[in-house]
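Each of the two complexes below includes chain A, the first together with chain B, the second together with chain C.
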Partner chain A sequence: MSILTSSDRVVGAASVGRTKRLRPSYWPFVVPALIVVIGVIVFPWVFTLWMSAMEWRIGEEQRFVGLQNYARLFTDVRFLEAMLHTLVYTALSVLAPLVLGTAAALAFNTKLPARGLLRGIFVMPMMATPVAIALVWTMMFHPQLGVLNYLLSLVGIGPLQWVYHPSTVILSLVLVETWQWTPLVMLIVLGGLAALPTEPYESAQIDGATAWQRFRYLTLPMIKPFLMVAVIIRTIDALKSFDILYTITQGGPGTASETINLYLYSVAFTYYDIGYGSAIAVVFFVLIILLSLILLYLRQRSAWNTGDGQ
Partner chain B sequence: MSRPLRKLLDKAGMAVCVLLLVSPALLFFIWMLSLSLKFEIDNGAYPPILIPDRFAWKNYTTIFEGNSFLLYFWNSLIVTGAATLFALVVGVPAGYGIARMRAHKSAVVIMIARMTPGLSFLIPLFLLFQWLGLLGTLWPQIIIHLVVTVPIVIWIMIGYFETTPMELEEAAMVDGATRWQIFAKVALPIAKPGIVVAFILSVIFSWNNFVFGIVLASRETRTLPVAVYNMLSFEQVSWGPLAAAALVVTLPVLILTVAAQRQIVAGLTAGAVKGG
Partner chain C sequence: MASVSIRNVRKSYGPVEIIKGVSIDIQDGEFVILVGPSGCGKSTLLRMIAGLEEISGGTVAIDDRVVNDVPPKDRDIAMVFQNYALYPHMTIADNMSFALRLKNTAKSEIAAKVERAAGILGLGPLLGRFPRQLSGGQRQRVAMGRAIVRDPKVFLFDEPLSNLDAKLRVQMRTEIKEMHQRLKTTTVYVTHDQIEAMTMADKIVVMHDGIIEQIGAPLDLYDNPANMFVAGFIGSPAMNFIPGSIGGDGFTTDGGDRLPLAGRVPAASDGRLAVYGVRPEHFRLADEGMAAEVVVVEPTGSETQMVLRPLGGKAGQVGVGREDRKRELTWVLRERTGAKPGEVVRIAPDPALAHLFNPDTGLRL
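Here is the complex of A and B:
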């Protein structure tokens, strides 16, 4: 949503601008925050960029190596695999919550009894402390004692190895991520549904459209901008996912579920290879910005196509 | 189909829908509670037991006896409290200034900060704290939590101050009030609901933060998420006490979520912010 509103705000600012003459005098309000932002946000960006051009290990002499750290990335099999894991994990962790969250939003958009309380319970997974819920998921994934394999055995499936086998570990983690973040998609889409006009639905009703047709040809096109916002936010968060992965698998078994973020952690804080870690951080950052820009571009296009390009 | 029957079916369908919606969340937390209240024998039983014959209340008492859990609770309180308070002090005026100057492009910095992975802030700030000799105190964590709390507060306050009416402020300006007076006496009281939203979300995301702690916390300066994680990896703790500790850590957040769900939903859909 941040991305949605910000671009709209920029446009709005240019067209209104009535308090323009007051501009300079509001600076004192912003300065303290500006100092903080420069100190803890901008300075780390710049410093990371600088470190990424250095051979820098904790306790050793630093020396300038230019782009050598970046060149090393291309031959680092573990990095390339981590890249692949990240992309697979992200794609699935965007898709599943998107579908389920949209379905949930449609259900929540009806007149439910005790809607507020239900919504409160529904959003609990995304507000709960990630480490705490990850610990419980770890217990539930246990092949012998875990409740998940018991539940599967009731319907005659399994037992699965869940996070303990390379072939199922990423899917199992996506399951947790989906459980956790479907509520956010639901909230965003629910916001979109609340703003829908009622007239098209009334005429569709008269024309005898089925529920699926109403969803496919009326609702879906109209909430598309909101879906795009959900996709953008979900993509950023899934790429950055750390707490759940680190607590449940630490990238294992072996390196089967190691994402870029986890690899970055190992390089920087297990091997203390600060220079190389910084290069990974920079590449990771560029990847996130790039994907966000592509999605923003797609969103802009979809907004124009549906005629609400603001 | 007769009308009453159809109505009944509609109601039943709705009930099933509601159940399906909330059951993943509800069942998970019920199972978490069950794990935390069972003795080791019951937690290892197959088929699993949901409600045991006798409750292991000692799971809860042991976490407060054995480890320095109270110290970690206190650490969490200090870090979250200080980082949130400081974020409100600098972030609320900043949100006001940005909204009134219509300097929306500056908000892009906040947006990119939201996109940046927490780890990439950690490397440079870790070195900085080491150089300043701050490691081993709570200061590094308080300072780095500002990465989470300040953007949340600024973002929500920009959005909020944009929707508050300008008429009152303009009237006060005509009466000769200074900008600080207008901010403190006119704008701030109106913005109270927005500040509450910013406060709640800032507290939750700071409280939940894990990644900053595992790097910056020493034995005495752990926050609760780090402490609970360490119970898993270093001490061979059984499931019962571990689940109890996990529940204690996240309980304040869960209560806040259900109690303030209206504000949280408003804040999240307006800002879609998430820390770390």
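Here is the complex of A and C:
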């Protein structure tokens, strides 16, 4: 008995020692990712923050100005307008694809004939290159040569100026954004619809709910978490939108469609005012983070499918 | 409250007939259980009563009104589903009041009905919670509460206890029975668990392969099964079936053992092949009984179950072939026993409680 015990102890001690000696160091696995994150994410942001506190024009001497660039933002009418354009453009570019995408998802969730083919065609805009799309839409928007005005003329509506008039330019750009990104919302919502439990619907049928009431009181609240995901993705995407806007209008006519992104680009790379451009970038970044946090909070609150068994 | 009349009801999916002409009369206030193995059509039949499945043939009438083409909401029924089917994004109170709100019922009336149902089921403290915050048993109670507030003519239950653990199932069984005794609402309940059926029903409908095998009171089915299917399905452990033939004043098993018949020998059946059915609890130790080797002893505390292999003319041999396994018998005894596997016991059935079946048709002789 005692021999067994002592040999056990020996084996035990050896195994502990081996564990210590062979304990792997995880650093070699972490370091490459850490270097990339610091180099690609952390450093540019720290550097941008630093630049935003400088008066930094290319070709001129740099000077530390503290928060002066930020103070300048509040009196810069063009910046405030760009902020308004960004918010309007974002709100419409989220809302329109959300409504249309949800409607499309509900349609594709039924047993349509040739559903797979139609769905394939429907998601095609999402796959196209934004710049190519922008060029095609620029041609379609042309007041004299564009196909859109021709189509309107067929139903007796006079020609519109589309992106060539300050009052319609943002709506026209939203149209392009909606055309391209409605399929994404449709796919997200369709996934949500497919994941819904079926029993509550049978229960609601017995409870006497009409088709509209089933949508209003069951489907809509139950797909809310998926809608919120779509809203988050669309909001971040629309806020950041640059390619379509730059290719079609470059912020024009005048500055009627200039968003923060476009203004930032002009300040930094047309006027070479890197310090002020950096301040705009920082404010823009904070705006995106704040909106994302609010939306993530709302997403969490809308969740109903947590916990077991549901 | 209402009566339900099911007349020659059929259900087909394409060429496949699931329910092959079923007729059941359910009296006002009766608790009827449809029981049968998976795929026998019992849930489909219930869903046809609810209006969730179309009826391919025959009629379903609630209170003498044929409801074949009446939408579920106008049938004045309430259904409790296996997976509870609660509205996951609504509180318990909202879940329970949903049907009433759809009907634009007055708020005061809704509150009173929800409170009453919550009182019956002990859900009062849970009304503000969401389904995900409740246990399985509580969710099932909410599902019942939702049915109660509607004050329907007929309650339909579709395997409501299948998702619960064994202990909770027993507790909920009692609660459902109590609820029925209190409300006296006509109830149709589907289960595959014959214990549930035996303990809760006023009347059991045993279904198999789309047809009704037998309808009757629980103990009636237990004591007088119409055929081998019912005899084997009702009762746990299942009835023992011993093939053999009728001869003289007794029964000779295929293994060569003689079993008593107690004057239940049908006329002119000498030499006729039959199946001798005896419930596990209807064996007793007897010196003159058939010899059987003890294979397994399973004490449960309140009783002991034993699996025996009849030696039938092969005393001394220990067979373990497939045929020997088929002939194995189950014996349940209330007394504790010191019997060990491998020992030989002599047992005899109580002839007054045994049954004879036709081996071809399965019908009781």
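The rule is short, and it goes like this: the second predicted complex is superposed on the first by the 264 of 310 C-alpha atoms of A that agree within 3 Å, B and C clash if a C-alpha of one lies under 4 Å from a C-alpha of the other, contacts with A are read in each partner's own complex, and residues count from 1 in each chain.
Following the convention adopted for this analysis, a residue touches a chain if its C-beta (ideal position, glycine included) is under 8 Å from a C-beta of that chain, and two chains touch if they have at least 3 such contacts.
Everything numeric here is computed off the predicted structure, so don't read it as measured data.
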item	value
Which of chain B and chain C A:221 touches, first, second, both or neither	second
Touching partner for A:212 - first (chain B), second (chain C), both, neither	neither
Partner chain in contact with A:51 - chain B first, chain C second, else both or neither	first
First, second, both or neither for A:74, with chain B first and chain C second	neither
When both partners are placed on the shared chain, which of chain B and chain C touches more of chain A	B
Which superposed partner A:202 touches (first chain B, second chain C, both, neither)	second
Complex contact set, residues of chain A against chain B	1-3, 5-6, 9-10, 12-13, 16-17, 19-20, 22-23, 25-30, 32-34, 36-37, 40-45, 47-48, 51, 104, 107-108, 110, 112-113, 116-125, 127-133, 135-136, 138-140, 144-145, 147, 150, 179, 183-184, 187-188, 190-191, 229, 233, 236-237, 239-240, 242-243, 246-247, 261, 264-265, 268-269, 274, 277-278, 281-282, 284-285, 288-289, 292
Residue ranges of chain A in contact with chain C within the complex	197, 199-200, 202-209, 213, 217-218, 221-222, 224, 304-310
Parts of chain B lying in touch with chain A, wherever the complex brings them together	14, 17-18, 21-22, 24-26, 28-29, 31-32, 35, 43-44, 46-48, 86, 89-91, 93-94, 96-98, 100-128, 143-144, 146-147, 150-151, 154-155, 159, 162, 166, 179, 183, 204, 207-208, 210-211, 214-215, 224-226, 228-229, 232, 239, 242-243, 246-247, 249-250, 253-254, 256-258, 261-262, 264-265, 268-274, 276
Chain C to chain A touching residues, read off their complex	50-52, 71-74, 77-79, 81, 83-90, 98-99, 102-103, 130-133, 136, 139, 146, 150, 163
